[in-house]
Each structure stands twice: as structure tokens, then as C-alpha cells.
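Some structures are shown below for you to check.
Heads up, the next two complexes both have chain A, just with different partners, chain B and then chain C.
Moving on to the complex of A and B:
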């Protein structure tokens, strides 16, 4: 079947004229949804000749992709990592470097009592029990080992323990430079050192299946210049054992977001790098892969409308929850539990309808916030500093009397370490907010993480719409769905990526070569 | 490409041995997920010869399927409706016959002020604004016309106006026999009268695509005896214009449910007919169709494990909330707001982990519960009657002292009309529960409706994972996703099915014949 002599582009064009006006109407109905890839709709054809050939082809160069690449290489495979962007790292290189793990040495030294059971419990609760429990369990129970692998084998350094909302204890092990770059750059070095080929500006166009629906390779574009679809040259890359897809989430794909959560249109910015779009995920689905939980799109409640991207305010905000109050500027009052999980807080802020404040006094800020983050936030104007509460109230147009009354109330809760209003978890070393100067930043949610993605099993095999594993296809990291259910907790992404990236890499090598 | 001489079954078997132990492990990881269709994984092949040929092939014989069939036939097409079950009607024939429509004659006569705007607003609010707003709008604004078409053209009779939770006004027009059978049986008669062929025991096996990914027909099994997959004989049915899929939801498909909401395993029965499984939906996805909102699976919190299907307990339970307590039999205590919404209550019961009780004394039951429902529930053993609270506690193995203390507490709340524990809305005419006999029934949620399904556009064309309409494929009814968002309101299914069924039928005929 199929006419191999016909180029996919021709087929696609003819198709377009056939479906004509109706297709145009359809696009309009879905809010102007376009075409992810010109060739994606064309019938898959097996190339007559492969341009390159590897045992394992890995799509994406973040935590998951490199974890997979390194394990596959160690197991003896010939491995390439392709990356569509001009630089490796994806979101991993811009993340905050917090790696949640349970029962670690650092936790023990800090007197934190934790266990994989407790981490799993936190993940399932936050996930509204939509998590695939077997997969979540693998992350929680594998987190300590994964962290140790990153330290001892990769050589990444972790310097301190952080808390994230929704966790029962402090279990986020932060890299020494407070960025995922510490880990992903060292992964890149290690990968190169052991002989993994890493090639940027190379974009997946489609998966190539044989007559048994086994994945046998990909069509890619080399020398691609994101986001210009007219750049790059076609190349067929053979994967004789497997393809591992680790290309991340779709937080920046407005068309795809609007299908799964029509609210999240152009009005919402994203913390993600510009390449966090969904075309690789869609290519997998066109190759029979099943998607799950796509409508759970996480908003970061700690981002600021006063700076672009992720920015510095999240580092300010997340260090202060449990030490300082969140204030609705319209009322001067608190409105939600500061230590609530991401979804709870984002929904609460959206209900307020206007950016809200997170605050801290000098004691809390000095104790908790990295001087660098504070400085940079002040520099770009997203964090502000005030000598007294009256000035602060005035600057944000807050009703002063109600506000000062609320701060006194907050302070009384901090003294008792108990918040009867919203049950904020107030930390043992928190102090009443009295020591000037006072600091504040405005918060408004940005799209941060997409919980949904490809269905995988415990071996990181991608499950098809026939509910069976797709031979030759593995996935790990944000492109997978099911692990986090409705809500991914802060710091669990790194654990997830490293745990399942390694599983994918190890198992991909076990596949029989198809040719 | 492909080896046409090889039968799909052979390919499938060989595939199985190839993937070997890993596939078995994979199945186990996903909780024993099996194989929806033996042939589904095999590469699509275009048959050399078609066994039957039509302009439009419609899969499913409920409201949506017949609405589509009748419109396609009126527009001049040669139409067949296939149905896998031995009888037509699916869930449509067992539903309660409530058809929501806004601004109707019956509403005006009853003094109900309603509008399509208000109906849309109710749908979007219930749907947590995940609804595709353009599609929801078409249902709300088309509901009155659809109802009139059912009355005047189909000849169905509607007798009274009902209220459903979440709607702002009474807008559910109930059929004269309080069942969807009134409409679907008359649709069947009309379809046959105008020359639509209707064929039961005919099951979709897979869609057949040409080299341009246009749907050109289906492979089916004729003389299929649900649920025995070893029955039936293969037939290739050509659709020269289009296939319309209207095969309903997947509430009875435990494997598929567990992927999208892992809680909903074998412990959960369903109110649906046994054929409400997802293989046709998965077949569409294997043919490149995109799914959406699959994890929004509606549970009825008011069903009983002590009777089959929908039963009588829902009619007992829903009349008693706000008058009597829900009790966790393990503790003897209340555990959640009795007047919470469907989803909240179902989630709370699932967290309890065992069936809970809804109770009422003679005053509440006599005042609230329809005598017929009470009688029937007592008759089938799902509702029980006790002379005193000790006997009741004993019968359900409830810790007596804690239970009686909790009832006294509940009674004190009823007196004050205020529930500080769970903020149950206690109705003004509620009285403390003291008047024997006491009545109780066990509650355990059953799966009632699947909001998710295929992405469609305003023309009822199915959208593919390349975000473009799939040529030759339309869908309507519960198999589609996006219209109801997170929650389908009671009575809106009938409107949705008739509105989009008619749109699908009219547009399918406009497709150019492919051959």
C-alpha cells in the first residue's frame, strides 16, 4: 500500500484541497488551530535508505534524555541524543535545581524524618489519586538511589534542603548553583565522555514504523533553526533497537493547551523555554501512542507578572511560604493557605482575579532567600523593598487599616505556630513579621508544567491505543503522563526524569535489533 | 509497504512472540490490561474486495447514531447503522428520558424563564470551563430546535419538566414514559421508514484508511455475539462518503478507566449497559483521531452496591441529603458534607474505602422519598428498615456507642440548622432524627458517564493528532469529548446527541465520494 514515489508534502497538499472549505471552517472552530507539522498527516513510508544508524535514538537533551542516553551507552549501545534547539538542556537547564528524594543522607543530617512511603503518599494526594500508582511508587522509592547516582556517577553537587508546598517534609535537594544546569551540564559532559553523540538543531518530524507497527527510526530535520519550519534538511535516522522520547512538555504550545484546557489561551505566559511545544508528543500519538491526563496543565502560582519567564520571584516566594503571608491587595487580607499545593494556590489566585502579594520581613528574607535572587528581583523591579508597612500598602494600593490588622493577626499565628484561618504550615523557626525593611512581590500564575503525556508502563515502554506496548518506543520525563496525576509537586520532576530516564535507557538496549 | 498476503492475525501473533516477556510485564504493570481487539495492532491494510458498500456508515444505534442516519438519508445518502449488541439503543434506551432544552414552549407554559445563554452558562460552570466553548454553545443554542425536531419529525412525546442539579431552571423535558426508549424507538421506526438499513450484532474492528489517511471504510464482524470475541465473521464495509462514529462512552471498560482514572477499577460497577466499552474509541485513535478529557469520568455517589445498575437507592439518597446523615460504618461517624456535589461526594466515599450509609427516620423518609422507590428498594434488599439505632448499628457492624453519640450530635446540628463539622446544608424543614422506624441504604459510587472522547469541530468532523480534520470521519454523542468539559449536567446528553448527531449526518453527505 502507499505510493512511495509520492512525497508526503504532495500528499498533504492534495489532501488539503480535497477537504477544502470544511477544513478551514474546522480550524476556525478550534480557535485557529494550525498544522503542527506539514508532513505529520502524510502516510508513513519506510525510507529506501537511512542517512544515519544507531542502536538507540533519544529525542531531547534534558535530565531524562541524558539519563537514558548514559544508561544505554553503559549497556553497550550506540547512542545519539538529538535536540531541536540550538542548545542542549531544554527546561532542565533553566529549572531551579530542586531534586526531591526521600530518606537521604542530607535529610538525616538535617534531622528530617522522611521515607519513600511518605513521598508516595504526598504525590498521590497532590495528584488527586489519578496517578498511575505503580509508576509514582517507582519514582518515590527510586528517588534516593537516583540522587546518589547524580552525585557519585554524574558528579553533580547538591548543597541544601528546600521545602515545596504539598510535601510533608523538606525533601528538595537543591543543586549547588540553585539551577538544573548543574546536573544537566554534567550529564552532557559524562555522556560525551563515554561516547554518546549529541546533536542539536535536529528536530523529530515523524516516527517510522514497520509493517508490524514496530518503531524502526525517525524522520528528522537537521540544521533546523527553531522556530522556522522552512529551515533544515530531511534525514532518516535508523534506530535498530529503540527510540526513546524525552522531549518534555507542551506548556508553550498554545494550540494544544487550548484543546485540553480552553482557558489557557494567549493571555497566559509560561515559565518554560520557547521550545516546550507538543509536536513530538503528537508525532508519537500519530504513531499509535496513547496519551493521558492531558487536561492537567500546571500553573505556577509563584510567578510574577512583573518579569518575563520563570524569573526571580518564584525563588523569593517559595522560600517565604511558611514564613510570610500572601495578601489580597483588594482587601488587605490573606485569602489562602500559603503552603498549599501549586494547583490550590493558582486556583485561589485566579479566583482573587488580580495579582496578589507574597511578603517577608528582613529576618525571613535574610534567612530564606538567596541574596542573588533577591538582588536580581529588586534589580528588575519585581521585588520591592519598604521601610514600613504603610509605604508597602500605599505602593500596592492596599486598604491600610485592614492590612495592618491582618499582619498583626498573622504575627499572632506565627507566635503560636498555628494558623486557624487557613492552616498554613508555619515553620518552627518562623518569627513574627516586624523587622524592617519589608519585602513584597506580586504573584500571577504562568503555565509551568504539563502533567499529561504518553502512557508508559513500569519498563518505560510507551503504551499504544491498543493497550499494548509499542515495540521499539520508550519515553521518560515530562512527555509522559500518569506519574504525577493531577498535580506534580515541586522538585519531583528531577526525580521522575532521572528515575525513568535510566529505566528507559536500560530497557531500550534489551530490545532485539530489528535489522 | 506491508505484506497484504499476511493476515492481520498472523502479524499480531508474531508480534506477540517478538515482544515476549517485556509485553507480559507491561500488561502486569498496567494492572493486567489486555488487548482490546486481536487485530487492532496489525497494520491497516486496504481490502482487495469490499463485502458491502454505502455512502455513509454509522457506528452505534443510540440517539446520536439515529439522528445522524436520518439526516444523512434525508440528504440522499445510502446509509447503514451498525450496532454490536443484539438490540439497538445502547444507553439511550435505558436513560431517564430527560431532554434539556432552553426557551421551549413547555417552559413558557410552565412560567420558566430560560435562554440558550443561561443553559450555556450552566454547562460551562459545571464543566469547570474545560468545555470547548464553541461546541457547548452549539448544543445550548440548538437544543430547542433539536427537541422540536424530535417531537414533530420523529414523533416522540414529552410530558413534563424536571429539574437537575447544576441547572439554573427546570429545563429537562421528560419523555412520556420517563425513558429514552420513547425517543430512540421512534427514531428506529423513522429510520427504517425512510430506508436506513439497521444491522445489529455487527461490531467495528478497525477503520480502513487510504494512503492519504482518508477514512474509506471499516472492517467489521457480522453475527457477533457480545461479548464473545470468538464469534462473528469478518466483513469489509465501504463508506464512500464517510463513517460516523456514535458508539457511546466507555463507562463499562475497566481497562480503559484504569488508565485514565486508576481508582476506577473492578470495585466499581456502572449504571451503563454492558456494551459501553471503549474499543471503537480506541480504534478511532489508532486511526489518528485525537482524544480529550478522558480522565473526567463521572461517578454517581448515590448508587448502592446492593442492587444492580442505577436502581432505587439514588432516588432514596438524593431526597434525604440535607435531612439525614451519611455515616462511615467503620467509625460510626459522619465524614463529608451530605449536600456536596456529585464529584465531591463520590471522591469522599472512595477515600473512606468501603460503602457508607445514608440514613433517615420516618419523618424524613415519609416527607421526602417517593413511596414507590422506597417500596422497591426494600423489596430488593438495598434499603433496610430498623426499629431502633442499636439494631441498625448491629446490622451494618457499626461501633454502637460512637454511632449513637454521632447521631445525637447530628440532631443538635439539625436543631440549630447549622453543621460546624462539614457545613452540610440542612433544609429548613429538617427535624432531628428520632422517629422510628429508621431507614438506611449503603452507598458506593458507580461509573455513570464518560465526559472525554474524540475531539470534534463545529461540523462534527473528528480532529486528528495533527490537529486537522480527518477526511471521512465524523463523531457525535458520548464518544466525543470537549462539549461537557469536566462535568456533564443531567439531561444535556440527549440534547448533545441529537444536535451533533444531526450535524454529523448532514455534513457527512457533503463529503466527496472517494470511489
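Moving on to the complex of A and C:
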């Protein structure tokens, strides 16, 4: 190991990590690292020749990766963005386009009173105060500026102000097409316009460090065809100033998920794109980076097992909570407050052990649910329509008598606007569930977001197990941990990615080139 | 003693020969990609492998137009998704060189080559009525996806959308 001045405690921690990394690396998802040799520690051979050379090398082509790339390029660096998939955008390109920001023009025009302090308060409360307060503050206080940068410099259009559970006010600014693609595609255009090189099908294999443990570049595979690890040709890419990791989360990485949260096995699908796996994260850890909050993995309680990915049911479910009941089909009864936060609801459904049902009558559904979502959900079979409650019970094998009794009970609570059983919030305009036809959808949580990841400081520098920044290494976006704590609030991911992506890009360029 | 040694050698020789024969057979059985083959002459690449249905008319000199005189665009008889893109292009008169360029060793072709003949906007319009959604445009990627992500030329075509969605497209 050369001249590492490590304490015995540190060495044993690294050894522990080495062995656990080995165990994890045995999993299919991590087979691609190629670092599974008996010498699986940080210092691998430094290549005699570099195939490509840049000032800043960025791993990942989503919101964070492009925010970093654009700022680095503006600051004068020679920049490349590498992307392992055949297409740019990762999860950013398929998300719902909601960007949370506090104190904006759109909010003022809508008469919404908001402030960065309030946004921070909401983030910390949802995060169970596990958020690193200085990092969460940077996101909350930087959100307005980040949104404005996206609008004015990048040219992305935001058209609607939405509400997301856990926030005190409406602060989610939604893109004009209700998709993250509006922002990330405009970021791609801007990046290309100013001279950023973007290379798809290029996968990070490992970080290369010099004898001082400074990150000096990466070993990658070019012309890689996901998910075939036997494809791709080796390339050494030099990073004279820094590498920025913006490779997203690991919601699709079953092996890694199970280590941190053993409940999350193959039974759980994900809303994420297929490439949301943990190889880059683990490669960073093998290069001495420290991770945090890895077991806080967010499940969406609003997804259906009857459709792939995110689907239409979330738009049905989230509009009905507080208006219609959530029923365990095995008992015919309610089992948890429908308006609880993502985590509590998901945990409750997992405890039931099999999919549950969310339902509403024509009054509630017509009032609350987006007609397009309802139509598409019915079309793909995940939302079903019934003439009466008996038919509904029959379709899902629910014990009819118990079910009808429970619905009568629910209806009495709705009339009183109070739920003594589970303290569900019942909205003032909710009415008893009596008007046919009735609509129902099955719910089973899907893995949605990994709050944990690499430890960073306020400058987006990655922190090592020696509690010091790793020279030449930065990170931004879902790959980092500590910003959201235990629970990420909807819409704050976009703010996090753009705020810290820009910080990483600017700071990476300030590094002295090593050679 | 001498007889035993002779037998041993003989056995070894036989086994080796059979092994080589086996390998050769396997190699011969996998379809070759013969640049000079007539697209309609299945045997030139597929050898003795049965690739046409029993009673199928002789195809050696056929081109795509002639195939389509029986194989309707839609329905059971459709060839969509049943033969690879390389076959369709070959039968339509496009040689290997036509996409790969005149080279000794062919490399993977980027999709800007496809765009030299296939106009994306026209394609988007042409498939606009397909249910449940137009395969050539999406709120995520617009019209910009690499054609090869679905329309594999030398392998069975795939449905890229179905990584997340459940669109029952028949992908040519």
C-alpha cells in the first residue's frame, strides 16, 4: 500500500470494506467493475498511455451530470460526459418534471407564500433530521437560482405549480411537457453548443489514483452494450483536474439493495430506468470514498404491480387518498392511514405482504383523477371499473360481508370528517363512497429512489474514509447521500441535481491540473 | 503390446477427427454472413438449416417486392419481426457495402446512415395512428432515439419502450 499513514482502525475498516465489496461484487450487477482481483484495493497500475485526455471527466448524463458539464465548460475546462447506456438522460429523462424551488416568481404570481427556510424545514422534517443540515440548506436556498438558470440560460419551460406530499406549500414547478426530458434535452443541446463532448455506451470500470491517492483518471469500456458485460473495449481516460460522479442511484440493483434493506428483494419492481445500478458508487468506494444512509431506500407506495415502471396508477392513487379507502383484500378492511407519507404507507403495505387496493366512487374519481390517467389506466387493465361493491369484492376475492361493513364504517367517518381508526386526513369536500360505478387499483410498492450514497461536503467534494476530501473527486445528484436524510420529498431531486451539479462543475475547474 | 499401442493411437485419432468434424458441423450450421450471397438464396448463408416453411415456393431469385406479393403487411402472413433488418434491406437491393461502406472488415453502423434514406419526420407521421402510442416519438426522447435500439439489423428486433412500458408493438 506504500506510504499510507493509516491507523490500525482505518486499515481494518478498509479490509472489512474490501471483503464486503468482494461479496457484493460477486453479484451480477457489479461483475462489470473488473476490479475483482486479489489486489482489490485503491491503487491499481497507472496506465503508461492515456487514450483520451480531458480536464474534467463526468460520469452520467442526467440533470446533475449536465449541470456540472455546462458550468465546467463555461469556466474554461475541456469536458467530457460519459454515459454507459445507449441514450443519455438516465432517470432524469423519464421523470415527472417537478422542480421544487422556494420564493419564485411563479409562486408569487399564484399568491403562494414561501421561503427557503420553510423549504429547508420541510426537507428536514421529512428526512427525520438525518439530513446533513448544511447540504440541505444549500439545496433549499439555492433552489430559486437553479430554477431561474434552467429557465433563462438553458431555456427550459416550466408551466404549472404543483403540490407534493410533505411540503407546506405548492412549490413544485412542472416542465411544460410534464417530463424531465424538457430540461435534460435542452441541457444536452446547450452542452453540445458550447463544446462539451458527450459519449454514450461508455462505461466507467474503475478510478485510477496516483501514489498520493489523487484521482487522475478512469479506466472505461467504450462501445459497451448494456447489459452485456462482455462487450466494450478498454480505454484509459485522463482527468487532469477532476472526475465528477453523477451516475444516479441504485434502485435497480437488487443485490446492492438487499444488502442495505433485505426486504427489497426480487418481489419489488422499480420505477427507475434499467441502468440505475451501483457500479460507479462501489467503484468510488473502492477508491476510498465514504458512503452514508445507504439503507434509506425510498419506495413509492402508489405504484401498481399490474403495470410496468411508474405507470398511471400513482396519478389515480395520490388523487384519491383522503377521499377513498385503501383496503387489504384478504380482510376487506382498512389497515393504515391513506394520507401517510411515502415511507409509512409503503412499510404498511409490505407488512400486509400482498398487494392492497385503493378505491373510489364516481364522485371522488371524477373530481380528483386526471381523465387521461384514468383512461390509460383502465386501458392497460391496472384500474378496474365496477357497477357495484359486490362485483368489486368478487373480482379481488374480498370477503364481502366484512368489506361492506368496513365501507359503511368509512362512510360514517367521511361524514364526520374524522377517522378514529387510523387518523387519515379527510378532505372537506370528501363524500361517502356511494355513487357507482366504483373504481379500484391494486397497489404494491416499487423501489423509487436511493437517498444514500457518497458523502460530499459543501463544495461537492467526495469525502474519503479518512474524513478528508478525496483529491480530484466530486459528486452530485442521486449518487450522493446526506441531502435528503431518511425520506426525499417529491420534486426536491431536480433542485438537488442542478444546485450541486453546478457547484461540482465550478469547483472541479478550480483544481490544479496534476499533469 | 504393439497391438495395444496401435489401438490406443487409433482411438485417439478417431476421437480427434470426430471432434473436429463436430466443430466444423457446428460452424457450418450457424448462418454465415456472406457478402456475395443472393439475398433470396437462403442456403448460401444458412446451409442445410430449414428456414422456410414446408412447401414454400423457391426464393432464390426473389426480391422484397416479390416476397410481399404473398406476405401481407399485417396479419399472420406478415414478415414483420420474422426476418432481420439485414434480410429486408438485402432483398430490397441494398448490399452490405451500401451501409457498411467498402471495407475489408465491417464495423457497427451508426444510425445517421439510416437517416440518409429514412426521413424521421415522415416516419413519425406514418406511424402516428399506432396504438397505444406512436413508436417513433415519445415525451422522453422525442424523435431522437437511435434506430438500432429497436431495429436490430443482424439480430431479432427489440422493443426499447418495453423496458418500462407494455406496448404490444410488432417491431420490424
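Here are a few things to note about the model shown:
Going forward, the second predicted complex is superposed on the first by the 365 of 515 C-alpha atoms of A that agree within 3 Å, B and C clash if a C-alpha of one lies under 4 Å from a C-alpha of the other, contacts with A are read in each partner's own complex, and residues count from 1 in each chain.
Heads up, the rule we're going with is that contacts are C-beta pairs under 8 Å (C-beta built on N, C-alpha and C of every residue); 3 or more make two chains touch, one makes a residue touch a chain.
None of the values given here were measured: they were computed from a predicted structure.
When the two structures are aligned on the shared chain, A:401 is found in touch with neither chain B nor chain C. After overlaying the two complexes on the shared chain, residue contacts for A:176 are found with neither chain B nor chain C. By the touch criterion defined above, A:351 reaches neither chain B nor chain C. Contact comparison for chain A: of chain B and chain C, B touches the greater number of residues. Judged by the touch definition given at the top, the superposed model places A:286 against chain B, while chain C stays out of reach. In the overlay built on the shared chain, the residue A:110 is in contact with neither chain B nor chain C.
Looking at the shared chain after the overlay, A:223 reaches chain C, while chain B stays out of its contact range. Contact residues of chain B toward chain A in the complex are 1-4, 11, 14-15, 18-19, 22-23, 25-27, 29-31, 33-37, 40-43, 45-46, 129-135, 209, 211-214, 255-256, 259-263, 282, 285-286, 288, 290-296, 347, 350, 455, 457-459, 461, 463-469, 471, 482, 507, 510, 512. The residues of chain A lying in touch with chain C in their complex are 86-87, 89, 93-94, 177-179, 181, 185, 223, 273-274, 307-310, 376, 379-380. Residue ranges of chain C in contact with chain A, taken from their complex: 108, 132, 139-142, 144-146, 149, 162-166.
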